[in-house]
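Presented sequentially are two complexes of chain A, the first with chain B as partner and the second with chain C.
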Partner chain A sequence: MALPLTYNVRNVLVRWRATLATILGIALVVAVYVSVQAMATGLEKSSTNTGDPRNVMIVRKGSTAESSSQVTREQFKLINYLPQIARDSKNQPLISADVVVLINLPRRGDGGEANVLLRGISPVGIALRPQVTLVEGRWFTPGKREVVVSRRLAARFANFEVGDKFKTGGKELTVTGIMDGNNTAFDSEIWMDADESRSLFDRENYSSLLLRVLDAAASQTLIARIESDKRLPLHALSEVDYYKSQTKTAVPIKFLGDFLATAMSIGAIFAAMNTMYASVGARTREIGTLRVLGYRRRSILASFLIEGAFLAFIGGLLGCLFSLFINGYSIGTMSFQSWSETVFSFRITPWLAVKGLIFSVIVGIVGSLLPAIRAARLPVIAALKSV
Partner chain B sequence: MTVGSFIIKNALRNKRRATLSVLSVAVSLFLLVTLLVALRELTLPPEDAGAALRVVVRNRVSLANPLPARQRPIIEKIPGVEAVSPFTWFGGNFKNEESMTFAQFAMDPKLLRTLFGEAKMPEKQYEDFLKDQRSAIIGKLSADKYKLKVGDKISLTSTIYPATLEFRIAGIYSGTIDDRNLLFHHKYFDEATGDLGQVGTWWVKVRSAEDMPRVITAINAAFANSSSEVRAETERAFQLSFISMLGNIKLLVGSISTVVVFTLILVTASTMSMAIRERFRELAVLKALGFRRRELFAFILAESFGLALLGALIGVGGAYALYTYGNISHMTGGIFITFEVTPKIIGFATLVAASLGIVASIAPSISVARTSVVDGLKTLD
Partner chain C sequence: MLSQVMVEANIVTIRKLSKVYQQGDINVTALNQISLDIRAGEFLTLMGPSGSGKSTLLHIIAGIDRPTGGECHVQGVDVTRLNESELADWRNQNVGFVFQTFNLIPVLTAYENVELPLLLTRLNRQQRRHQVNTALELVGLGDRSHHLPRQLSGGQEQRVAIARALVTSPSLVVADEPTGNLDSQSAHDVLGILQTLSQTADKTVIMVTHDPKAAAFGSRTIHLEKGELTN
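Up next is the complex of A and B:
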């Protein structure tokens, strides 16, 4: 016969003073785990959220990021005439030839510097990326040295307010507007006119092409057409797929999260063991009584395991609550793929919270295993005699 | 029985609890040391022996923008400059690996000894490298990792240039701070990429330390208002510029360390109070026997202090032994090359342990002081 669950719940609650520190300890371990994983998730999401399923992106074969890709003007012209490309009301193909340049700019405040991704786009490039909205000022004028910066970058770099000017490539650029990428990779970009960018940085070629296709079938045809053309050393893929491949930077962060969780959980298991041993010690007589009443060894064992798991579960819940405070908090680091500043937010997903809870329960069960075995093995008579 | 043995007996009377407390302190301090060392390695990367006399010149726009090859003779003429070599990042993927694990640079092999004197290899291998334009030298760490020997052929596909290059390993060097890179002939690179007339960066050897500031200013001034303005800086400054790029990672590791320390204090403090609560009655007896509060405090403090320091010895000592005698580049998959546990970090971790011992004894001491002898004697637990 199993002991009622309320027995365990009440035991944990009645001894809250003794168990509080253990619960808090487990809570902090779970909070650290969930936070670091939330960072990795946020970083991945900023990439996987990006792109429009109707768009196809074209880069040089063999390049892993736009910043190291090249598309010549001849190639651009050739692709311009492909029939699968959608056209606007003036019958112009919806295609943007982009120039991606990394520029080194000073951060706000501390005097450090970092690389920022400056994307030169064709005028139609804005309409091709509906995820980006202008939140302040106006878009840049083609043919002028004007840029629009993302709101998140504006918070991190110097001279990024509307009307500010900054220097790069020996020339001055004026910020005319602030855009919002709505948690996509575009949150880490500055935009300007493509041809102006090519002349400013002395670039003969474009970096990549982004185009809108007529429909899904046209997308397949176009990708197959470009991939099979031996004369074109280009790689075509859907925009969504391209950004899905840009998530490698999250790998070391996940590693850090796992490492911390493992190391800290060892400490937490020791703490849980201590608490549970004390709990078993204090209840020796009670356990003897239960045995006399007819509860079997395995019921006692299960009961203490459940108690440890419950205790850790409360800690896990608290930990998830703690980590909620950083949900949405924006941070930035260098992406190992684009070599530029990537801004993203901590993202706590329900699955991540569930993982944190499972993790805490495991800590609780492992920590209470030895004390529970001890409780189950107590000799009945001696236990009853103990004070 | 002396006071000392009384304290030791008390601390060890519940051996299981004492062990668990010591181990949890040890694990936490091990983690703390690891985080602190990682933070230090990230923010203060190790410096190469020859770095003091080297200047790195990159495009002012950013490192990702190339420089024109025609700049070389202009830099060479600047007084105080001993040698100038191109240094171009090839960004090649080895075999079918998803991402590169060692960097490859195209440079002027004739200047290897001048620029990177710390890279040691047999003279015969170096001469072989000089002669064969399609050969390369590779650091010992990478050579060991991929089991490469002198004479082996390897092929690398660039992610930046449309080129796949095949190299014959002419030599294996060691002695630099990061023996992983592959170095090869810039001429081979130029041929393969169709003579772009571009280099990634210039690495400049300066004659003496006194010349450094003047040379840096002169290089920067030489290309001011040209189509390719440059940023010349010491190798150290160049290295440190990457740290600023890491952004908030520093802050993150810092806050995690704080949480670890806090968790540690919490758990140990609770264990200590558990130990004291258990012998409330005894302490009351001691009080009744005439021991003063001050002496009771001393007992509790000494016990908690002792346990914390023992934990520190195991945790910090373990971290020191592991990171000093273990192969760190192997353990972290090459993320860290060095992982030095400095005396400062050891000192800090020990200090944390010591304060932990003190903090953990406060709560039990207060409750002992508050309880009257009669109440204490009544306690059953």
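Up next is the complex of A and C:
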């Protein structure tokens, strides 16, 4: 039979001065762990949110991203006639040939310059991405060197307000509208007319094709058809799968989070160990008394482990609360897939918070193990004689 | 080997009990071949100078220390042959212990302190509440059950400790200088309770004391010196 939990809870609360430093230490570790993982989750979500299961993406065989892909006009024409493609009310195929160009632009303030992804897109391309909405101004007019920028990029780059002009490749472009990508990869893009961008940036070919299929079966057929056609050195996959494959940027961030948390948790384990050793030392006679009353060694061991876990759990809760301050905070990083600025938000999911709490409890249990073993092994008589 | 008749006649039967401590290269004899019988319902006081072995004897009878030789039967059980876990269970069910320094758990209330030994039994919450309240009433602290130890006087703390020792209804109560830290009035009250337990509740009480006035509350006094009985 275990000692009552109130015994452990009150012991932690009574010794709050001694335990505060440990609790704060564990809180810091959990806050760092949850924050960095929230960064990776936010980055992943911005990619995995993006795809539409009804859409199929086509890129050059062997390229891992649109920015390194090319689709010729002949290939575009050939694919245009495939029967699996859905059509609009005017019987036009729902297919968009996009041009993806990286342009270097100055950040706001004195933040230097960074690559931004500019997408040349057709009206069909906009319709195929219904998650993107215009929130200010108007869509671009083809031929007038107009662009629409995402709201998140507008907050980070200079001259991105509606009506502003900026220069790239010696040409001046005018911002006519601000769009919201609804937490997708499109939050990191500038859009303009596809054919205009091809001539402006001297591109003979398109970068990728996005098309709407009739249904799931048509999607399978179309993908199989393109993948098996030797004349078409192209790779077709569902838009959802394409953006899933774009999450590799999050991998080093996750690794960094795990590494930082592991390194810091070693310190936290020692802090917890120190606190629990002090606690065992201060309660030696109490432990002797409990043994006399009939509590077995394993009850004492379990009791101190529970106490350490509870102590760390409070730290974990605090750490999660600290990290909540950055939830939704928007930041940017260089994507290793597109080599452009990717803007995304910290995302603290319930599962991430639970992982942070589990992590804190593990720190508490590992830190309390040796002190708890010491408490359980105390000889009764010696413990009773302790001052 | 003790005869079964002899074991059943007494609550405690001790034969040739020895305890030798190793201190570096020197052997220190705390108890030297002691034999002793204690009858049920007796209030036995153990007296003797410091280091005479009286506390060691008490600890062995209570199952919290082990002898190096001899036998110690309590209610027919040779406690020297029980392992750690068996001893823990046996102590919980058969012995109530009263310490000189009260040894209450400071973060638990009087009620919770008294309830501690009962948490190891199969009693449900209601049964435990009944027994805890009965024990606290018995020592006159029914109205102090929700006080923490630091909110009680020394005498009250010791009475809570006695309630804790009695709550599992053990037939044996052992007390190691229970009045050593009390003023004379509180000491008198505590000794009165122990005497009542022996006289009216048929509990066997074994008490270690330095104080002849305290020993006078007992029904029999034995003296130890250098690990041997002197009377």
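The working rule: the second predicted complex is superposed on the first by the 386 of 387 C-alpha atoms of A that agree within 3 Å, B and C clash if a C-alpha of one lies under 4 Å from a C-alpha of the other, contacts with A are read in each partner's own complex, and residues count from 1 in each chain.
Just so we're on the same page, contacts are C-beta pairs under 8 Å (C-beta built on N, C-alpha and C of every residue); 3 or more make two chains touch, one makes a residue touch a chain.
For clarity, every value in this text was computed on a predicted model and none was experimentally measured.
Peer 1: Chain B versus chain C on the shared chain A, clash or fit?
Peer 2: Taken together on chain A, chain C would fit alongside chain B, as the superposition shows.
Peer 1: Identify which of chain B and chain C touches the larger number of residues of chain A.
Peer 2: Looking at chain B versus chain C, the one contacting more residues of chain A is B.
Peer 1: Using the touch definition from the top, say if A:W139 reaches chain B (first), chain C (second), both or neither.
Peer 2: neither
Peer 1: Based on the superposed arrangement, let me know which partner A:F76 touches: chain B (first), chain C (second), both, or neither?
Peer 2: neither
Peer 1: Between chain B (first) and chain C (second), which, if any, makes contact with A:M39: first, second, both or neither?
Peer 2: A:M39: touches chain B, not chain C.
Peer 1: Taking the superposition on A as described, I'd like to know which of chain B and chain C A:S68 touches: first, second, both or neither.
Peer 2: Only chain B; A:S68 stays clear of chain C.
Peer 1: First (chain B), second (chain C), both or neither: which does A:P4 touch?
Peer 2: Once the two structures are laid over each other on A, A:P4 reaches chain C alone.
Peer 1: For A:A21, decide between first (touching chain B), second (touching chain C), both and neither.
Peer 2: first
Peer 1: Taking the superposition as given, does A:L260 touch the first partner, chain B, the second, chain C, both, or neither?
Peer 2: So A:L260 only meets chain B here.
Peer 1: After the superposition, just quote the angle formed at chain A by chain B and chain C, using C-alpha centres and rounding to the nearest 10°.
Peer 2: So the angle at the centre of chain A is 90 degrees.
Peer 1: After superposition on the shared chain, which partner residues are touched by A:Y295: those of chain B (first), chain C (second), both, or neither?
Peer 2: second
Peer 1: Look at the superposition and give the distance in whole angstrom between the closest pair of CA atoms, one from chain B and one from chain C.
Peer 2: 13
Peer 1: Under the contact rule defined above, give the chain A residues that sit at the interface with chain B and also at the interface with chain C.
Peer 2: Of chain A, no residue contacts chain B in one complex and chain C in the other.
Peer 1: Looking at the complex, which residues from chain C come into contact with chain A?
Peer 2: Per the touch definition, chain C meets chain A at residues 59, 62, 64-65, 84-85, 88-89, 91-93, 97, 99, 101, 103, 105-108, 112, 116-117, 119-120, 164.
Peer 1: Can you check the complex and tell me which residues of chain A touch chain C?
Peer 2: Those residues of chain A that touch chain C are 1, 3-4, 6-7, 10-11, 14, 285-286, 288-297, 380-381, 384.
Peer 1: Which residues of chain B touch chain A once you look at their complex with the stated criterion?
Peer 2: Contact set of chain B toward chain A: 16-17, 20-21, 23-24, 27-28, 30-31, 34, 60-65, 91, 98-99, 157-160, 162, 225-227, 229, 231, 241-249, 252, 256, 259-260, 262-264, 266-267, 269-271, 274, 278, 335, 380-381.
Peer 1: Which residues, counting only chain A, touch chain B once they are in their complex?
Peer 2: Within the complex, chain A contacts chain B at residues 18, 20-22, 24-25, 28-29, 31-32, 36, 39, 60-65, 67-68, 70, 101-104, 107, 110, 112-115, 168-170, 201-202, 233, 248, 252, 260, 263-264, 266-268, 270-271, 273-275, 277-278, 282, 331-334, 336, 339, 341, 387.
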